[in-house]
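The block underneath contains the structure these notes are about, expressed in structure tokens.
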Amino acid sequence: MAPNRRQVGVNPPPPLSTRSPTLPSVNVEIRFPHYDAQSRTYVTWRPVEVMLKLVAPPAGIASVNVEVSAKSLALGGSLLFATTLTHLGAASVVLTLPASGQEVPVWVGGAFPAASASYGDVAVEVRDTGTNQLLGTHDLMVRIRKNGNSLSNAERDRFLSALATLNGAGTGRYSQFRDMHVGGPPDIEAHGGPGFLPWHRVYLLDFERELQAIDPEVTLPYWRFDQAAQKIFNQNFMGVANASNQVQFSAGNPLTGWVGFGLPGVDRSAGVGPTTVPALLTEAQTLNLGALPSARYAGFRAMQGNPHGSAHMSHGGGWITNPTTAPRDPIFFLLHCNVDRLWAKWQWVHQIHDPAKPASFVTGAFLPGHRLPDALWPWCGPLAAPRPTTAPGLGMASSPMTTSPPTSPAIRDMIDYFGTVSGTHHAFAYDDVPFQI
Amino acid sequence: MDVEAHRKSFLAQLAKAPAVADVKPKAVADYAASSEHDVKALCDMIGALTLDPSSFRASVRTLLDIVGNDSLETAARLAALGQLKAAEFQPAEFAEFHAEFIALLRRLAQSPDRGMRVAAFERLTLTNDVHAQKLLHDGLEIGKPPVSTVKAIQFLARDDHGSAVPLFRRLAKATIGPVREQALRALAADTQSVALFESIANDKAEPTRLRQIAAMNLKNTSPTRFAKVATSLALDDQEDDGLRAVAVSAITHTSEVAAKVKPEFAASLLAVGVATGSRVLKASIDRYAKAVARKKS
Amino acid sequence: MPQRVDRLLDQIRTAPEGIVGDRLLASMLRPALQEFDGLSSNEAELVRGHVLAAFEHRMLDAEVINVAKEELRTSLNPTVLAGAALALRALQADDPECRTLLTGASQRLFGRDERVSFAARVGDASSVRTASDEIASTLKQWPAQLSPCCSGPIGTVTAAEPRTQTLCRHTLGRVFIEDQAGQRSPVADLLRDRTSLIAFFYTRCMNPAKCSQTIYDLAELARLAFAEPLASQLNIVAVSYDPDFDEPARLHAFGYDRRFPFAGQARLARCVTGWDAMRRQFDLQVGYGATTVNLHSRELFMVTSDWRSLGIDSEQLKRPDHLLDRLIRASSSHAAADEAI
């Protein structure tokens, strides 16, 4: 029996919401579908079904009309509410809660583009419509992947700290992600066909969940490689390379102890600096790939060459410029987060989330691991030669916020990450890609 | 926000985006062959060559020919080489060209053109090519490496199963400046150099940068000895604050080291955090404190 | 080191004709050969490839054929694979296993093929034949129809003799190991009064088909052993070839990522004292470069309670239930398994 993947807080009892101060016998319990081990819950733009119920109402009351809305701190996240799964939520919704204590659902999601900066900067509030009395409140976080160049210092530092912990100076769980992305048969699994984008989507999600097991408020930032990124390429974040291909970090940067492979430090040339705009397809040009006469994945996947390959090469030299060595450099994860964001944005712009639709993927005589129903290595375990006969890692990391994708995802499982048709979502989203059914 | 309106607006913007230049491999090959080509224009054409499945083979063939053409300008050849390295990120399509590509790089490693030599070694040593390593190692041994000494060390050090460590040891002891620094970096996994690392890390007369490299090397090779050095550095008010911050950061993020520090260290360090005026040291200590608190919970 | 590589290649090229040269070259296939000390992994593999290639026009014995087959089974190095293909070209009759291994090696070269040359100096760029070309040429020389068994220039090829030896408990009493949890004990205590399966590996091994696969497979066997009451007294241990580097945290991380079920009887370990003695006791086929291993075989041993050690073909790990049966039987009878496994 394989050791279990780390399960972080599988739905412990949720916290009771705050008791009303003036009507102590009436309050509303707010129950989100999932909680982590610290009894916290996180949402993205994709709404989740939240249950409300009256707790211990006074006698004689048949029901209570309530308004459900959000309270946000400055620069915090914001929420939308609806009675069904929709992108057309509103800032508030009115519901009737029966005195019987029967649960009433309400759909709650982040209000695009207002993402949280930290946990608890937004809360659900439930108020009596008649008296405006606060009957219940529930903190949460609208947890979204952001542009690395726009992170606050606090967000950046949390990410770096989690990343350095995962690296563990070379002995942390990071090493399995490095070993998944090496030359030979594994390279073909990741890059050898149209499964390139779904494979990396799983890879990043698995990686992000490992980071969130260290610090649940962290998400993977992306490097928007068609723009200058002054805040990414400086010594406080991803570092600045010197003439000897040594990336320099500030003294307090957790990445000073990074061990990508064997030797400490990061081997990268000075191809991309704080003001560099790499020569590759712009976001608009990328999203137009495969768009005419109608958007199809078959055309879009050409982005594997440009901008993806070009982004790797924009650094000029070092680990990031070869598929075998690229994940040794932490910028790799931000680069690929942007690749995935571009795919997500392409999906949104052209409304292509359904794996049953031909436009969402491509059919043909592709290598195993690159066809729609194929399970993705290494999460599927070892395979028979000539495919990889070992499988670093322990299967897809679980998330306390969702049961999707499965432990051994197939390509088709990675297309509808928002759950627009499947009903289950992957609990990640990008700051500039909204949820839309 | 009206998401559908936002989407439509965004689609309208996409429709206005400049089209991707449609540069055909034959056009690039013909222009490169023309005696009147402009180097910059040629580089731009090379950069615009697409690597999508329909034109991949023709594009790669053109790029290989450009890189291998010793009479062409270095800038154009380097631009083509960059594109070929990008093409490697499509290994299934590139497979038929791989052997030819490596052979070409091995030839270019002995090119009279310095720029091509460096670029060839840069690529070949990423995958520990033994032929490239031999040229670098032989050159260093006789004091005439095919690239700068610092670069040669850096390239050879990429292979943690390499044979150049005795050479690095000699250079780390016998040289100064950038060569010494690079040689020290190259020794990062050398367990026989632990004493050297400890000595440099503890020596206040050594440049801070070298001490930091030595400390990180010590962490890599002997977490136990590093724990002793790092804790001493972190608590020493006479030490460089940047170095102290690095030491604290290393302890925070390396569980093997954290497990070896004495129990009383945490309290002493937190006291330093309160007293210090150094922002970077304080931030490092704060991160340490958070990590300790997380571990306890 | 590179100049020493040139000298070794010269030695190969000028090896005398006949049995003297054959034996000299065969001896160069031992990873623990002193001449390889200090070479990088790639240098050692380059030399190894040249040695194998030299057998294209020489007499093959069982040991050389087995080395060639093992390389075709696991190597990722184009020079080594081409050399192995050339060595087996000397076989006059088809060998189904060789054919399968050559095909597998060719598939493994996809995306990483290189031009190889055995006639000239290192760095010669004039060759146009790739490792895949050499493999294809070897395959082509045999008829499409498979014929039974195989025979080389010297007659019927037999399997290599398993390595057996009696270990010295006193020597091993002075060899201490430390496992992934930091627990230390003398090797003699580990082996005393029980049957053990001992594999060797190291965490920096660059070939996933070797050490990573070994630990993966050993983990599977260990899980089967835990479920089998008769196996409760078995030891399942993997010892690092790289004791200076493979500290407990690294051992643990390596095993954890490969689902190794750490428990009292299943461990990854390194020697903290007496590693050289351990190497000699097991006659380990491992060589060292400047900092770490440069070449090694896949090595697996069954050690019984009477201190007898029997070398086991690592391919047996692919049939863990079968191997576990053998271990249980050996444990039950308190005698070394003396038939080849």
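A, B and C are the chain letters, set down in written order, and residue numbers restart from 1 in every chain.
As a working rule, a residue touches a chain if its C-beta (ideal position, glycine included) is under 8 Å from a C-beta of that chain, and two chains touch if they have at least 3 such contacts.
Owing to the predicted nature of the structure, the values given are computational and were not obtained by experimental measurement.
*Asks:* Select the chain at the greatest separation from subunit B, using centres from the mean of Cα atoms.
*Replies:* C
*Asks:* Which one chain sits nearest the middle, judging by mean Cα positions?
*Replies:* B
*Asks:* In terms of C-beta pairs in contact, which two chains are most connected?
*Replies:* Maximum number of inter-chain contact pairs occurs for A-B.
*Asks:* Measuring centre to centre with CA averages, how many angstrom lie between subunit A and subunit C?
*Replies:* A distance of 43 Å separates the two centres.
*Asks:* Using CA atom averages as chain centres, what separation in Å is found between subunit A and subunit B?
*Replies:* Inter-chain centre distance comes to 27 Å.
*Asks:* Suppose each chain is reduced to the average of its Cα coordinates; what separation in Å results between subunit B and subunit C?
*Replies:* That gives a centre separation of 33 Å.
*Asks:* Hunt down the residues of subunit C that sit against at least two other chains at once, touch-wise.
*Replies:* Residues 110-112, 204, 249 of subunit C touch two or more partner chains.
*Asks:* Multi-chain contacts in subunit A: which residues touch at least two other chains?
*Replies:* In subunit A, the residues touching two or more other chains are 168, 170-172, 183, 187-188, 192, 262.
*Asks:* Do you know which subunit B residues sit against two or more other chains?
*Replies:* 91-92, 160, 189, 255-256
*Asks:* Which residues of subunit A touch subunit B in the complex?
*Replies:* 87-88, 111-113, 157, 161, 164-165, 167-172, 183, 187-188, 191-193, 244-246, 250-254, 256-257, 259, 261-265, 267, 269, 279, 281-282, 284-285, 287-289, 291, 302, 304-306, 308-310, 312-313, 316-317, 319, 321-325, 348-349, 351, 367, 434-436
*Asks:* What residues of subunit B sit close enough to touch subunit A in their complex?
*Replies:* 1, 3-4, 6-7, 10-11, 13-14, 17-20, 47, 50-53, 56, 82-83, 85-92, 122-123, 126-127, 150-151, 154, 157-158, 160, 178, 182, 185-186, 188-189, 212, 216-217, 219-220, 241-243, 245-246, 249-250, 252-257, 280-281, 283-284, 287, 290-291
*Asks:* Using the touch rule from the top, collect the residues of subunit A that touch subunit C in their complex.
*Replies:* Against subunit C, the touching part of subunit A is residues 1-3, 168, 170-173, 175-176, 179, 182-188, 192, 262, 382, 385-386, 388-394.
*Asks:* Which residues of subunit B touch subunit C once you look at their complex with the stated criterion?
*Replies:* Residue positions touching the partner: 91-92, 94-95, 98-100, 102-103, 106-107, 110, 128-131, 133-135, 137-138, 141, 159-166, 189-192, 223, 255-256.
*Asks:* In their shared complex, at which residues does subunit C touch subunit A?
*Replies:* Residue positions touching the partner: 76, 104, 107-108, 110-112, 204, 208-209, 212-213, 216, 223, 249-250, 252-253, 256-259, 261.
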